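Take this structure first; my questions come after.
Note that the chains are named A, B, C and D in the order they appear, and that numbering of residues resets to 1 at the start of each chain.
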Amino acid sequence: MIGLNVTIWNEFEAEQKNEEVKKVYPQGIHSVISEFLKGKINANTTIATLQEPEHGLTEEVLANTDVLIWWAHLSHDKVSDEVAERVQHHVLQGMGLIVLHSGHHSKPFKKLIGTTGNLRWREDDCHMRIWTIEPSHPIAKNVPMYIDIPRDEMYGERFDIPAPDSLVFISWFPGGEVMRSGCCFTRGAGKIFYFQPGHETYPVYKQPEIQTIICNAVNWAHSGRNAEAVSCIHAVDSPESLRK
Amino acid sequence: MIGLNVTIWNEFEAEQKNEEVKKVYPQGIHSVISEFLKGKINANTTIATLQEPEHGLTEEVLANTDVLIWWAHLSHDKVSDEVAERVQHHVLQGMGLIVLHSGHHSKPFKKLIGTTGNLRWREDDCHMRIWTIEPSHPIAKNVPMYIDIPRDEMYGERFDIPAPDSLVFISWFPGGEVMRSGCCFTRGAGKIFYFQPGHETYPVYKQPEIQTIICNAVNWAHSGRNAEAVSCIHAVDSPESLRK
Amino acid sequence: MIGLNVTIWNEFEAEQKNEEVKKVYPQGIHSVISEFLKGKINANTTIATLQEPEHGLTEEVLANTDVLIWWAHLSHDKVSDEVAERVQHHVLQGMGLIVLHSGHHSKPFKKLIGTTGNLRWREDDCHMRIWTIEPSHPIAKNVPMYIDIPRDEMYGERFDIPAPDSLVFISWFPGGEVMRSGCCFTRGAGKIFYFQPGHETYPVYKQPEIQTIICNAVNWAHSGRNAEAVSCIHAVDSPESLRK
Amino acid sequence: MIGLNVTIWNEFEAEQKNEEVKKVYPQGIHSVISEFLKGKINANTTIATLQEPEHGLTEEVLANTDVLIWWAHLSHDKVSDEVAERVQHHVLQGMGLIVLHSGHHSKPFKKLIGTTGNLRWREDDCHMRIWTIEPSHPIAKNVPMYIDIPRDEMYGERFDIPAPDSLVFISWFPGGEVMRSGCCFTRGAGKIFYFQPGHETYPVYKQPEIQTIICNAVNWAHSGRNAEAVSCIHAVDSPESLRK
């Protein structure tokens, strides 16, 4: 799989303002993601951030994107409705979308799933464990039966999402919570993967197994670009009459 | 099952403007639906229409609605975003929603499913046939293996919806089309049923089998009202620590 | 909901041989289940056990059963293939089936799901927690967001089942495991609910929340009895030709 | 995608006994399938037939098979239970399985899905039309919105299968029937695709669009081979205790 165009969108605030985060991701979360995507699946990566005009997500950028990765935490409201709807539109047309961590509350994700994305959460500096539920799913390729993440934020059920089309991972937390943490959705011609790990204060995206999952997700999500999006068709003639 | 509060929302334009429609539904489509619901399942029905202030769907009306039925065809854009979002909010809180026919393009439905709702269509004055795919689903109770509707509009695939949580009916059209015409979705605490038949120029809602399906759908959809909607919970204490 | 015919099948070995189990369930697990079903939903209960001729599951008994509850742990192989296939047949014809705990390895369940039912397990005398994933599902009615069971056996992922039609509960274990522990399947005209808790050495079925869930499951599963089972039909005439 | 090992199993009776079928498939249906698989996706194909010892499906053959294609019509009962269970076992271990046409009643398919596979059928020498329902699914790659097959047998609903994990195609028949005709299932580590067209008296498998779909299905189904099958694991130590 070579040459996919992956755009990585990052809110990019905490890495600039918060010393703790700066130490973990001095160049921003997007840089770490970009590096491993280029190294592991030869992706062509583009960076876009909240601060840029149109948040870096112009019509032209999205039209040239096979898969968009979305990381955001605190400033969902600063994303304009226009750009959020543009992202939604491109997903329905076949662009893949990978929503990471707090992106569960991002405007594009909520517009695509229709629910609140609410969940239970706690910052408690604890480890988490991710169980593979569908080992034959392409996103679980070369992923072991379970993965431990040394420290991450707790996100738990009830997670207010539609039942996913495929449930690939479930997370366990020592505080007593569980979460459907790796969820596939198809919307229009586009494929969406939500993946829970990745609080900004921990080096989660530097962990090899997490990188494997995100690479697999990019390879899985881009295939919507092969599909024809659906217009409303006034079929004046029926296929049956055309046949005769 | 007695005493459910069902609100029937109707665009109520064609029945007032179009002589052909007036002949079929002189009191409006909503009146026919209201009558059979009161007769068959003892529902308490409320009527709301586009023309009323807030389209008749005030916070108070929705808070007292177990199941909302939505019929609309041509004036989706006249529904205010505020009311559409209010309906979405109440569904996520557990109100049932039954979307009939052209409601596939209504604002509340599109907000809840996240896709365009686009499909293939043709007014050709032909019959259609509805096949029961899941005979043990509560909405298929007492519904035969197939139903013929003498005349209706053609709505066909590809229908741009998320894969439904349950696919109860598929329609067949003599022009060569098929459609997933009876589709269940759960969103938040709410249950949604989309049902395709019912062009305004044909007496589809007077047909007993169609009435049976809509009554079944009301009985199925209202149970979300038992469920607790999901807030975002900052779980400062973990269940595990509370336990000790 | 009154008068449902519920047959409770119990392997009924541990309660007779094992002193520890005898203390918890002196009259057998089936007696406890029968009592709360009669008390809470006015069910008519019948008991059947491994030791009876045809394991108590004659054609006549199954033909009069709306919902069959199955508890078994160690003697799956002692159930005859003939009786297992008879149970499968009746489920496909619309009888409900509730499979408890170690029933994941029972012959009827494996025949109906097609997979091994394998899972990860450990007897470690620990507590478990059950999270409600679909609060609007009828089986979750009046069930809180999570339930603690003071002590039970650990059953964890990967659980080798087909993706359930609805995933209602996920369990958490202090040892680091998770499990899809409340799973709905529709097979033929029949409805199946698998529910994980209930090791024989702990009084799990005496816990009120567990009883609520099993009562809800009986009310949910029996509705397949309304459905027409599917024969292979040689449709010599087409519906379309019959119409003309 | 190169070098996949595809085993094509054919009942291979009609082509030897029936002059009409011999004219359409003089070398057997398997030869036509083998040729286009070798030409289009560079597969390594192996032929196996009912008449061979162990029906050609020895442990060794299956262990070397990435995807098994199954065509059969009238002699399902001649397949030994032992071989049927061997096929089931290999699917659960990750072998892909593509079940064509009358294979809906084959022993391996029924063992894997748990239902009867019953349906409505008629030989009436009519055309059929296949609609693409999930255009972004890998099996629909390069497949148009609908395909016409000039003549085929009618297979219609209600088709007694579990709700598929993905519904990719629905068929339309001029006699008034519909069918879920392209259905994906995951069972254990294995992926299964059922595809309805292909009565032996018509040259359906020579049609390019049908060949595209079967090639896509092979590419989709083989990925289960990457997955680890699930044993029953007595996890004496918990992951949590191992961690400490």
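Here is the rule we use: a contact is a pair of C-beta atoms (placed from the backbone, for glycine too) under 8 Å apart; a residue touches a chain by one contact, two chains touch by 3 or more.
Worth saying up front: this structure is predicted, and the values here are computed from it rather than measured.
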item: Set of chains adjacent to subunit B and to subunit C; value: A, D
item: Cα-superposition angle relating the copies subunit B and subunit A, to nearest 5°; value: 180
item: Chain whose average C-alpha position is farthest from subunit B's own; value: D
item: Interface sides of subunit A and subunit D: same vs different residues, half threshold; value: same
item: Of C-D and A-C, pair with higher C-beta contact tally; value: C-D
item: Separation of mean Cα positions, subunit D and subunit C [Å, integer]; value: 31
item: Centroid spacing, where centroids are CA-atom means, of subunit A and subunit C in whole angstrom; value: 37
item: Multi-partner residues of subunit B (each touching 2 or more other chains); value: 129, 134-135, 145-146, 156, 158, 163, 165-166, 174, 176-177, 186, 230, 239-240, 243
item: Graph class of chain-chain contacts, one of line, ring, star, complete, other; value: complete
item: Contact footprint of subunit A on subunit B as seen in their complex; value: 88, 92, 105, 111-116, 118-122, 124, 154, 156, 158-160, 162-163, 165, 173-177, 185-188, 230-236, 238-241, 243
item: Subunit D - residues contacting subunit B, complex; value: 129, 131-135, 145-146, 156-158, 163, 166-167, 170-172, 176-178, 180
item: Residues of subunit C that touch subunit B when the two form their complex; value: 94, 127, 129, 134-138, 140-142, 145-146, 148, 165-166, 174, 186, 189-191, 223-224, 226-228, 230, 239-240, 243
